[in-house]
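Below is one structure, written out as structure tokens; comments come after it.
Chain lettering (A, B, C and D) follows the sequence in which the chains are written, and residue indices restart at 1 in each chain.
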Amino acid sequence: MNSVILSAGIRVLIPLFFLFSLYLLFRGHNAPGGGFVAGLVASTGFALYAINYGAERTRRRFKLKPIFLIALGLLLAVVSGLIPIIAGETYKTGLWLEEIEIPIMGKPGTPILFDIGVYLLVGGTVLKIIFSLWEE
Amino acid sequence: MVLALYPAAAFAWLMTQFGSVSGGEVISSSWDWVPTMGISLSFHLDGLSMLFALLITGIGALVLTYAGTYMKGMPKTDRFFMSLVLFMASMLGLVLSDNIISLFIFWELTSFSSYFLIGYHHEDKESRKSALEALLITAGGGLALLAGLILLGIGGGSMEMSQLVQRGDELAESGLFTAAMLLIIIGCFTKSAQFPFHFWLPSAMAAPTPVSAYLHSATMVKAGVYLLARVSPVFNGADGWHALLLIFGGITMVLGALIAVMQTDLKKILAYTTVSALGLLVMLLGIGTGIAIKAAVIFILAHALYKGCLFLIAGIVDHETGSRNIRKLGRLFKQMPVTGTAAVVACLSMAGIPPLFGFISKEYSYESTIGMVVNSPLTTSAFFITGMLFVAAAGMLSYMVFFGRRNKLDIKPHEAPITMLAGPAVLAVLSIVLGVFSGLINPLLDQASQVVFPENEPLNLKLWHGINTELILSMTTLVAGIAAFAFVYYNPRLMSMIEISDKIKPSYAYKQTMDSLAELAKNVTQRVQNGYLRVYISMMVGTFCVLALIVLKDFGIPNIEVLWSDFRVYDIVIGVLMIVACFYTVVAKSRLLAIAMLGVVGYGVAFVFIIFGAPDLAMTQILIETLTVVLFVLVLWKLPHYLIFDEGFIKFRYFLVSALFGAIMTWIVMLITSYPLDSHLKTWFAESSYPLGMGRNVVNVILVDFRSLDTLGEIVVLGIAAVGIYGLIKFTTEDDKEEAI
Amino acid sequence: MENELLLVLLIPLLGGIISLFFWMDVKRQKIVFLISTIAMTLAAINLMRSVLENEVITLQSAGWDAPFGISLVADYLSTFMVLLTGIMGLAVGIYSMGDMDRARMRFGFFPLMSFLLFSVSGAFLSGDIFNLYVWFEIMLISSFVLMALGNTKAQLEGAIKYVTLNIMASIFFLAGIGVLYGLTGTLNMADIALRIHSVPDEGLITLAAVFFFIAFGVKSAVFPLFSWLPASYHTPPVAITAIFAALLTKVGVYAFIRFFTLIFTHESPFLDNLLIFTAATTMFIGVLGAAAQMEFRKILSVHIISQIGYLIMGLAIGTKLAITGVVYFIIHIVFVKTNLFLISGIVNRLKGSYELKKLGGVYHTYPFLALLFVISAFSLAGFPPLSGFWAKFALVKAGLVGDAYFLVLVALATGFLTLYSMSKIWNEVFWKKKPEEETNLEIETLKKERGVINRQVLLPVIAITVLSVGVAIWAEPIFYFAEMTAEQLLNPEIYIVNVLGMAQ
Amino acid sequence: MEDVLPFLIGGLYAGGVYLVLHKSFVKLIIGLIILGYASNLMLFTISRITRGAPALVPEGAEALVEPYADPLPQALVLTAIVIGFGIQAFAIVLIKVGYRIVATDNLDDLNTTDRLDD
């Protein structure tokens, strides 16, 4: 699989995958998409890279620490629920910045933060699994 | 030794109450323990309790003194004494409790502590076996007793014995009466070693002798008798009560005495005579007349005095000579005069010779058997035989050990130290004193008999009743007994030749039961837990099928109204394709094909989602499907050749189970969807998603907002799965190799 | 009030997440675990205090009113199960610090334990059937990983069966959720309890119950669905077995109690008979299995099944007294069974085996350990005045009052066989002389490798023993609480009103 | 299609169970995955389905416009799919490692742990 064209292709593909995943992530609240799907797409990019260059190299090249991603994603998901408590609401109550309207995404709010947590975790999980299997 | 002070103090305190209790007072104190369950720690000191409490503390003090010397130099004596004191306390609790459940608690505690006492020589296999036997039988009976007592409590509407005895009539009317009675009788029979549960008692002789003297003569084994006496105001007169106690008591009495005279081991002789004595007590309770109750109360005391004494003596003999075999022992009186004297006195009491206390007891027993309305001759002759054999046994215990033939011992015996002699001496002296001055104990025994038989006439103990039938019978018994002893003494061979076939012994039945239980356990376990995963799965699926079919049989098979106009060609194509793919995963000859077919099924599912308006689902399904296939390929390409196992008939059976399962699920889906569904959630989500959830994709809004807790759980699952997969693949016990994260 | 409920979930979750940040750093993970579990236990106590005041506390997650969001509900039963979870997590966690091998700790033992405690508490508190499914799945995956962690042959064999059968159970669970949603159009348990009365045919409700019977039956290991338990429970290190024994099957029983007192309350002789049949067979076949085994941990793990039978028995009788008995029984069994497992682990540390044949002489050398075992074992066998007696007493009494004579008979026979199997362990491991084969030298090297009994392993055992004796001696407050719990369970209106916010 | 779905679900269930009753490791996993599909589809179907019309609020509208698919079961199924994936991934790797260590492809050989010792 170590063909030059593929290598070059993957180099280009990674940022593309990454951008596409972000797009999916942020449009998720209003159209099909969301953190989970986005996370899968992002990790697929890195997985392709890993298939070509090996897991070790992928890890070093992008400074990826899957367990760290998993932990961070979980933390973000939990914290997104804690913010409303500080504001005196129930856990996980959605807080929105109603005045701001961002293209694609719509209004920013804690549920979006939660979705980002999902995104990170899913990416971390898939990478962790693929790396573990690949290195064996 | 110091420990002996505790029971001695308790004994002293009891003696201070002696006067008032004998006068008919009842001392009680109560503390609510678990009122929710109707359990209190209430204590009640009346005549019957007093009698037992005095025995427990008095003999307890003597035994502890004795054991201090006896156990010297043996291992783990601290644990031994701990158990012994625990036993003493629980026994005391048992006879003082008024609440039937706290009584039961102490009852079980005596079983528990005696388990450790019997198993004292636990490194010896026989000892462990005996301890276990005693535990299982008494605890097994305990379970019956528990049920019986609860039934009694339910029927009588109270858990207090003092209340229950007054509600005898009310109880008799409740439907639980007979069951309660039977269960309580079973419990008492196991504890008091009645036929056919008697065999644990002789085996329990594996315990150190002080334990036997204490538990197996004076206290624990009498607990059953005590309880029967306690509840007899409730059950006296009920159908079956008399018959059961009479028959089993009688059998136990005669059998015990018969086996006793065939033994050669001192402790075994004592054990079997104890069994016999317990049988006598149960029988007397079974007779249940006023005089019989009196006889029972008297005999409890008489027996405790002489049997405790004899056990202690057996211990001394064993301790000083190293043997308990009456064939080897003989003419010890010269070396052990004090022990010998005590033994003779105790044996005379056992044989029922005046002026000892045992004589009074025997007189009363005869009086009660003669006074029976029915079956008097049979009972009287049973008692006659027993009495005769008791005389013989007494002879074996005293004459053969301390006089008779020259001993065949290797060591030269000598008298025991004073601490060990104190016990038997005191008990022997009491046997004489109470016999001659029976007035001393008369008020207490009178009270005790009143407790058991409330309308009993006052007791008036006398040594001399004049020449009457009882006396004649007593004397005849004595003569016959001496003759029997002579027979045993001069025909040792003959006695040892009498062998009872193992197979008719209850102990054999016990062994068989336990063995077959173990066998059953093994068979059942191997059957349900045979190690084959597919059997487990089919058990699960099969259970579901059976249960679901039972429920479904009430529903018809729903009508299928196929509206062909609604059909689109690709629906059918997708459906058929999925089923075919599913079929191919089953029959595929190569792993890769199976996985590819799995992929087809997965994409088909995604397509169904698209058709029914679930784009998010479809997207996720497709991605996941791809990932799963990739994972499969990554994982499986290293596995060896795909094996197809031919299972023939079994395969067919599994096919049937699967087909049935599939059919049931189809049925259920059709059944449920045939009813209309009005989901208020659906409309609410449709209306609230954008205004409240700020999102146009309702599914996503539900996922990240309305039901974000589910999603949080979902990602935790993923995270853990990743950690787990990493652990599965990378697990290493090497410590130094630092893994990259 | 709501946040008190939240804390018991948040603390173990955050504990787990922080432990993940310290991946491979065992020292810090230990500290994190210890702090978070202590905090969780305290939070549970706090929650209990609050629930005792308010009867039922509801947290509407994300602020959406029931039945639209997800409700987390703390009533007496849930709260006390959470409290038990905290206590057992702490005890077993401390034990494992002295017993678990370093390799397993490096591969995530502590974060997994945290996640397990998180999910178990979540399952107790959930008031939504699909959410309950999610908690079940978290619990499953963490137990899968813990079960397989270490990759020994036996563990993997056990894990494959455990995983397969539990996934199957989840499939039934999911289908059951579908059926209930298809019938009532809602997911909130309280809402279902209201709407289930308008289901056109009661047979349909029974049909739904069959799905949950299978799902929870597998989880709680009743006959004939328990096969995964004897196949797997004895394979991982003893601390893991102990925490599984303490919590996992209890979650299944909890779900049984919740569903059969809140949702499936319609008259159904079929379901009644099913529960009676299950209770009797589970009790008896479970204890027969224990009687047949000859390995310390196997006896204990198979014996779990028979205990579950007792709990189902209480549910089958279904009177207030019976449910009171069940609640008490749960406390008893959690303490005692866990303790026995931990003791078996200590014996293994000392003597290097779980096989009864190879063991012996523990009574001689370690009287204190023997005492601890005796207390727990005889408690399990139902000897008074230990906790097992009270538990059995309440159930037997309930059975006799409720005319369930057959169940009582089986329960008593089971009690007898329990005594038999416990005394077998006692005879073989403690009283018997140690077999000669093993030389002293070997024991010495073993001790050097494993370390003698250290503080971390002994402390939890002593603590749990004290607790279990405590609940026996001070049985009254426990029974009082259990009775309140039973009353609350049998009068679900309070629960429903509270969750759906209809009080105002 | 609504009328076909119950049969499809039944077929998948039957196929899944039949697969897990085999002795092969791989068939076991495939069977479990298929059973997962079946129960997802069942959950989806049994909560009533609507053809077309995804649950998206159109631009300019405040609420979904009839006819629309019930979004709740979709969310549930999505959660179930993801959870299922996590667990299946673990199971796949477990089977692989199990295969390596136990060294057999025959599930019937995995019966040492629940054997009685005598």
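General remarks:
Operating definition for what follows: a residue touches a chain if its C-beta (ideal position, glycine included) is under 8 Å from a C-beta of that chain, and two chains touch if they have at least 3 such contacts.
Please read these numbers as outputs of a predicted model, since none were measured by experiment.
Of all chains shown, the one whose average CA position lies nearest the global CA mean is C.
With centres defined by CA atoms alone, the chain at the far end from subunit C is A. Rounded to a whole number, the gap between the C-alpha centres of subunit B and subunit D is 49 angstrom.
Centroids built from CA atoms put subunit C at 26 Å from subunit B. Once the centre of each chain is set as its mean CA position, subunit A and subunit C turn out to be 37 Å apart. Rounded to a whole number, the gap between the C-alpha centres of subunit C and subunit D is 27 angstrom.
Listed for subunit A are residues 30-32, 36, 67-68, 70-71, 74, 78, 81, 92, 94, 125, 129, 132-133, each touching two or more other chains.
Shown for subunit B are the residues that touch two or more other chains, namely 522, 525-526, 529, 531, 533, 537, 541, 615-616, 620, 624, 627, 631, 635, 665, 672-673, 677, 679, 681-682, 685, 695-697, 703, 705, 707-711, 713-714, 716-721, 723-726, 728-730, 741.
Looking at subunit C, residues 13, 20, 23, 61-62, 130, 134, 137, 141, 144-145, 148, 151, 160-161, 164, 168, 175, 179, 181-182, 185, 187, 227, 230-231, 292-293 sit in touch with two or more other chains.
Chain contacts in this assembly form a complete graph, since each chain touches every other chain.
For subunit C in complex with subunit A, the residues that touch the partner chain are 2-3, 6, 10, 13-14, 17-18, 20-21, 23, 59-63. On the side of subunit D, the complex with subunit C involves touching residues 20, 28, 32, 35-36, 38-40, 42-48, 72-73, 76, 79-80, 83, 86-87, 90-91, 94-95, 97-98, 101-102, 107, 110, 112-114, 116-118. By the touch criterion given at the top, residues 130, 133-134, 137, 140-141, 144-145, 148, 151-154, 156-161, 163-164, 167-168, 170-171, 174-175, 177-179, 181-182, 185, 187, 227, 230-232, 234-235, 292-295, 298, 355 of subunit C touch subunit D in their complex.
Residues 54, 56, 78, 82, 86, 89, 93 of subunit D are the ones touching subunit A in the complex.
Residue ranges on subunit D touching subunit B, taken from their complex, read 1-24, 26-28, 30, 33-34, 37-38, 40-42, 44-59, 61-64, 68-72, 74-79, 81-83, 85-90, 92-97, 99, 105-108, 110-116.
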